[in-house]
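Heads up, the next two complexes both have subunit A, just with different partners, subunit B and then subunit C.
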Partner chain A sequence: MLRTALREVSTALKEGQVSPTELCQRCLSLIKATKFLNAYITVTEDTALRQAEESEKRYRRGQSLGDLDGIPVAVKDNFSTTGIETTCASNMLKGYIPPYSATVVQKLLDQGAVLIGKTNLDEFAMGSGSTDGIFGPVRNPWSYSKQYREKCGQNSHLENEDSSWLITGGSSGGSAAAVSSFTCFAALGSDTGGSTRNPAAHCGVVGLKPTYGLVSRHGLIPLVNSMDVPGILTRCVDDAATVLGVLAGHDPKDSTTVQDPFNPFKLPSVIDVSKLCIGIPKEYHIPGLSSETLAVWSKAADLFENAGARVIEVSLPHTCYSIVCYHVLCTAEVASNMARFDGLEYGHRSNMDKSTESMYAATRREGFNDVVRGRILSGNYFLLKQNYEKYFIKAQKVRRLIANDFVNVFSSGVDVLLTPTTLRDAVPYVEFIKEDNRTRSAQDDIFTQAANMSGLPAVSIPTALSEKGLPIGLQFVGRAFQELQLLTVAKWFEKQAKFPILQLQEMLDHADALSHQKISLSS
Partner chain B sequence: MPSTFSQGNFPLNVESIKHTIDQNPEWQLEEQKPLPQKKVTMELLDHLERLALVDFRNWEGVERLEKAIQFADQLHEVNTEGIEPMDSVLEDRCLYLRGDNITEGNCTKELLQNASQTAEEYFEAPPGNIPLPKLEEHESFLQDSN
Partner chain C sequence: MAAPMSGGGRLCRLAWRRRAGALHSGAQPAALGREPGKVAETQSGVAPWRAVVGLEVHAQINSNSKIFSGSQVQFTAPPNSLVSFFDASLPGTLPVLNRRCVEAAVMTGLALSCSINKKSLFDRKHYFYADLPAGYQITQQRLPIAVNGNLSYTLYVGAKQSQMVTKNVRIKQIQLEQDSGKSLHNDARSQTFIDLNRAGVGLMEVVMEPDMCCGEEAAAAVRELQLILQTLGSSQAIMAEGQLRVDANVSVRHPGEPYGVRTEVKNINSLRFLARAVDYEIQRQIEELENGGTILNETRAFDYKLGCTIPMRDKEGKQDYRFMPEPNLPPLILYDAKSLPANIDDQQVVNIDWIQERLPDLPSVKRARLVEQYGILPEHSFTLLNEDGLMELFEDVVRKTQMNPKKVIGWVISELLGHLKQYDLTVKESPVNSVSLADLLNLLERGVISSSAAKQVLEELWKGEGKTPLQIVKEKRLELIQNQRELDQICQAVMEGHQEEVMEIKAGNKKVLNKLIGLVQRATQRRADPILVKQILEKKLSQ
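Let's look at the complex of A and B:
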């Protein structure tokens, strides 16, 4: 039951095959059994059960609110949630209880979704591993999968497990791990440079970044206002479309949401790709790309061609500058956005009280980790009067060049772009931390970043397992506000790829034996 | 049912794939040409600290900053002649502005609840108009407060 798609579970709830409280309890048990993944910062057990009970009453009266009624969902801990601690995995906001909920969270709750918990992330969503938060790193569920352990000749000694586990990618690693390990049916992430798609690829789930302006950012604690987008993580494309249908649309509280009417859609079940033109950006073939990912990418291109689509090579000439451009724009906006954390109105406050300035500085030193402080410092440098033109304005000009690259490609007849999502499959944590956050982000964001720069919708689809038995994802980038077309193509591809289900049962049985609690993924 | 990309197909014979993707890589990641090392002066650091207030005036902060600047300098390779800066991808649209009517508020209690030091209905702050100490005084200043 926990492994099924949203729509199927929804039907099961309507038909009474399972009740919302049962479903909620199973998810909560599974969360306890998979605690070592560290995917959740807060598990909202009491409120979730209460919400599940309310949902049950509605189902009994035959008045369910929709497809999401009674469905357990998780939310990344940088979305404000009324009455529930929202930390951004930072000491700055530890203990902070927002007095309001993010619009997207409220929309989920209004549809009857059951909020099962707040998920772990890199501090303030800065990072590509979900390793740099104060609650510790998130472990990729695939580290414990039958698929990986068989390939890597792992024996089942717990001691070995502990040093070789893999990262989830980031920064929405907790959300990706939560969806991947079946503890919820959908999760919210955020995507500024790839933070939803990157962990989706590493954890073998679908990660959708909607068009900038389609989904409200009100209540999403901002990183880069001109690039941030709430992301959706699910186990299949249909589910992503369902969740998008609930979240998208103009929000008067977020003036960067467009006013165009949004019509929720259901993806067709029969899809013909023969009239499509798929673009393969040649600049995305870089030396760091693993040969496995390259092979999977090639094979995918062939799949489309064999189905009658026109598959052509295209050029996005400014790709190689997108990371540098992002580095400047991101740090500049971060410098501005983080200025609100001064300890006065909310969040951590230092005991230093000699002056406001010294209190602010001490508060921020104590509250932020080095990554955040480093970005604030760099951002302020690029915004200095003497540097403004040379760095910030320059980066904004380069941004236009990057965005124009996409405009040119899409106006030449290409419908959707097909690219890798990440350079390779997930690496072990001990290897990942050998390089610093900035270096890693620069390497890992390479394929995903440009979509944020240009505001275009993009989705990562789990495609194949690597030689190590780990997920490899491919990314589709679509035209602005054309999520229907993007997800239709993605759904067709998902059907072709037949990506295998994560086999966790063996690991859970092992955990059972220790905890004497029977956890089962099957109905 | 075996997946389309199932294990049996690996390692793929790359040459045999009818490829649309050119098998030769396009460009190098992070090709950093050696640039004259930017010197971050004490004066600059003090100035930045007053703006940033992150208390990063140590060798680590300087090192990070210098690396960040070096990385950003790659931007100057790009020809942006005649290109307008882009603030937002929604620049062609007129964004929604609410009418100037009060629709919410009166939540003083909730807002004050999150602050650590309040007095009556005020947020309490330490005395202002005291400049941050300069770098030389910095170390002793911090020690005094602890």
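Let's look at the complex of A and C:
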């Protein structure tokens, strides 16, 4: 039951095959069993059970709120949740309990979804591994899959300390791991440079970054306001469309959301791609791209071609400037956004009480990790009067050029772009930490970042397994606000790709054993 | 009436000279109204100093809620009772622009003859301060809502302050921004308390070009701005409540030289202090320079107790504000009748033309109308507008009486306002309202009482005992003697008692007639109409 897609479990709930409470309890047990993944920072067991109970009452009265009623969901710990600690995986916000909920969280709750927990991330979403938060790294569930274990010849017990476990990618690694390991049916991530799509690719799930302005950011603790978008992680494309239908639309609390009404859609079941034009950006064929991923990418292009679609090579000439441009814009906004964390109104406050200034300094030194402080430092440097023109203005101009690259390609008749999501499959943690956060982020965001620069919708679809038995994802980038077209293409592709389901039998058995044990203890 | 801006320096330039002890005795501007060319030839032969004064005026917008949040705006609320999540900068909260604040700024811009930018932008200005919770202020640094305006104001010059001069100051721009909270320092406990009620209240920053040259001019310009804001209702502009705060940029130079280094005197909250602070700062800079010193580009505060400016501690010192576009607010787009898109919800847009059409009469227009409609002097029109409610009272009295407005104005300004000033009362607090004043003036106009009796009645009315002027006249028996025969007899008696004077008049010394009139007045306890008395006496004398 837990391994099904959201839509199927929704049907099961409606038909009474399972009750919301039962479903919630099963997810909670699995969360406990998979605690070593470190996917969750806070498991909201009590409130989740209460919400499930409410949902159950609604089902009994025949007053279900819709497809999400009773469905356990997880939310990245950088979305504000009323009464539930929201940490951003930072000492700065440890113990911070927001008095309000993010619009997207509220929309999920209003649809009857059961919030099962807050998921792990890099501190303030700054990272591409989900390794740099105060609660420790998230482990990729595929590290414990039959597929991977067989390939790398390790059959040791999953809880044994081993050095081969893999990172999830990030920064929404907790959400990706949660959906991938079946502890919830959908999760919210956030996507600033690829933070939803990157871990989705590494964890073998669907990761959707909607068009900037389509989904409210109110309550999302910002990284880069001009690029942040709430992301959606699900097991299949249809589910992503369902969740998007709930989240999208104008929010009076977020002035950057578009006013046009959004009509939720269901994706067609019969899809014809023969009239489509798929663009393959040549600049994405770069030296660091693994041969496996390249092969998967070409195969995907062939699939479209064989189905009658026009597949053409296109050029996004300013792609190579994206990383450095992103670095300037991101750090500048980070420097600004982080200025509010001064220990006065909320969050961590140092004991230093010599002066207000010394209290600020100590609070911020104790509250932020090196990555955050590094970005604040460089961002402030770029914003200095003497540097503003040279760096910030220039970066904004380059951003415009990057966005125009997409405009040009789409206006030339291309419907959707097909690219890799990541350079390669997930690497072991021990490998990953050999490079610093900045280098990693720069490498790992390379295919995903431009969609944030240009505000375009993009989705990562799990496509195939690598030689090591690990997921490889491909990315589709669509026209602004054309999520219906983007997801329709993605759904067609998903069907062709036949990505295998994560085999976690060993882990699940272990979880079952744990939950039975608990039941027998309590009875 | 407006004096031309450029080249019109004949009356609007001040020459400053260092005056010994000026710093301690309270600086005063030097004599006004000299030709700049003549000023150069002073006794000492040293070139005179010219002061250059520019202003930044922060006016709190008169709106129910704050500029980017739904919190109420109220001056007297208990500390931290009007603070939304956004105002406290809780992470994840976003600004939502208050339409009313935009309209107030557009209205103000139009009233100051600015061009209104159809597209303006918001920026973040960063600095760490305890009453600035986000660590930055949202303002309009790059592209403000209104630019290139003009404000004309009037001040009195000359030895007796009797000459009225109209001057202009260019308005560089009006920008929308957030107010900060308030810090209350407790030095004894070395603690700072923060009140965020004011944090996020909408401000219009009106930036005036350095077209002024002394404290008095600065104060007159701000006073005119204050009247305009109050007329528009875009700000209540009560300085004592911090709704209008002024930063003055001051520098001095010799004529023909480039601008000197300027200092900024911040947060001045009364017109009197503004004039004093600017004049002090001018004198201080002159003294400093003449003693071979230099002026630092620094921020100073005005200490009203000591009457001087002092350098401020670091807060606004040499800082790099690291301006950056506010990413959470899209460009602010305004429309006019031409550009207004069809089928758009009126509540979603601000239409400049619509606001222009509904602009109330500005003080300058009101003054011109008063002068034209009632034939009063221009300076009287200024007085009427300067006192809140006085114009309304005057017009009310004019409507209710048959008296010529030119006479009414004398009663309103010399008698009524004079009295109010003496007792430090506002027009609203006046015990004499328009009805009783009109009744009184009607009694005078109809010849029931003399003008000196009217003043006596007014004295009684100030007591605020609720009596009507007519009641007072009756009680005090102040009516003029209307009975011709009675007056005749009194005049006869006076003439008989003063034969010497009668002889003198008959001999041709007509001036003595006034003495006889005075004597009749005394005999009637001033209840006789002097004109009538004169006629009777003249008739009798010619017999």
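Quick note on the criterion: the second predicted complex is superposed on the first by the 501 of 523 C-alpha atoms of A that agree within 3 Å, B and C clash if a C-alpha of one lies under 4 Å from a C-alpha of the other, contacts with A are read in each partner's own complex, and residues count from 1 in each chain.
The rule is short, and it goes like this: a residue touches a chain if its C-beta (ideal position, glycine included) is under 8 Å from a C-beta of that chain, and two chains touch if they have at least 3 such contacts.
These numbers come from a predicted model, not from an experiment.
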| item | value |
| --- | --- |
| Touched partner set for A:431, first subunit B, second subunit C, both or neither | neither |
| Partner chain(s) touched by A:99 [first = subunit B, second = subunit C, both, neither] | both |
| First, second, both or neither for A:110, with subunit B first and subunit C second | neither |
| Contacts of A:327 with subunit B and subunit C, given as first, second, both or neither | first |
| Touching partner for A:282 - first (subunit B), second (subunit C), both, neither | first |
| Touching partner for A:311 - first (subunit B), second (subunit C), both, neither | first |
| Which of subunit B and subunit C A:357 touches, first, second, both or neither | both |
| First (subunit B), second (subunit C), both or neither touched by A:272 | neither |
| Comparing the two partners subunit B and subunit C, which touches a greater set of residues in subunit A | B |
| Touching partner for A:255 - first (subunit B), second (subunit C), both, neither | both |
| Residues on subunit A lying within both footprints (that of subunit B and that of subunit C) | 99, 226, 252, 255-256, 259, 335, 342, 344-346, 356-357, 360, 380, 384 |
| Of all residues in subunit B, those that touch subunit A in their complex | 1-7, 9-12, 14, 17-30, 47-56, 60-61, 64-65, 67-69, 71-72, 74-78, 80, 83-90, 93, 95-98, 107, 110-111, 113-117, 123, 125-128, 130-133, 141-142, 144-145 |
| Of subunit C, residues touching subunit A in the complex | 85, 88-97, 124, 126, 128, 130, 133-136, 192, 194, 320, 322-324, 327-330, 348 |
| Sites on subunit A touched by subunit B in the complex | 96-97, 99, 212-213, 226, 250, 252, 255-259, 280, 282-289, 291-292, 294-299, 301-303, 305, 311-313, 318, 320-321, 323-325, 327-328, 331, 335, 342-347, 349, 351-362, 364-365, 368, 370, 373-374, 376-382, 384, 390-391, 393-401, 403, 438, 442-443, 446, 454-455, 463-467, 469, 480, 496-500 |
| Residues of subunit A touching subunit C in the complex | 79-80, 88, 93, 98-100, 102, 217-222, 224-226, 252-256, 259, 332-333, 335-336, 338-342, 344-346, 356-357, 360, 380, 383-385, 388, 392 |
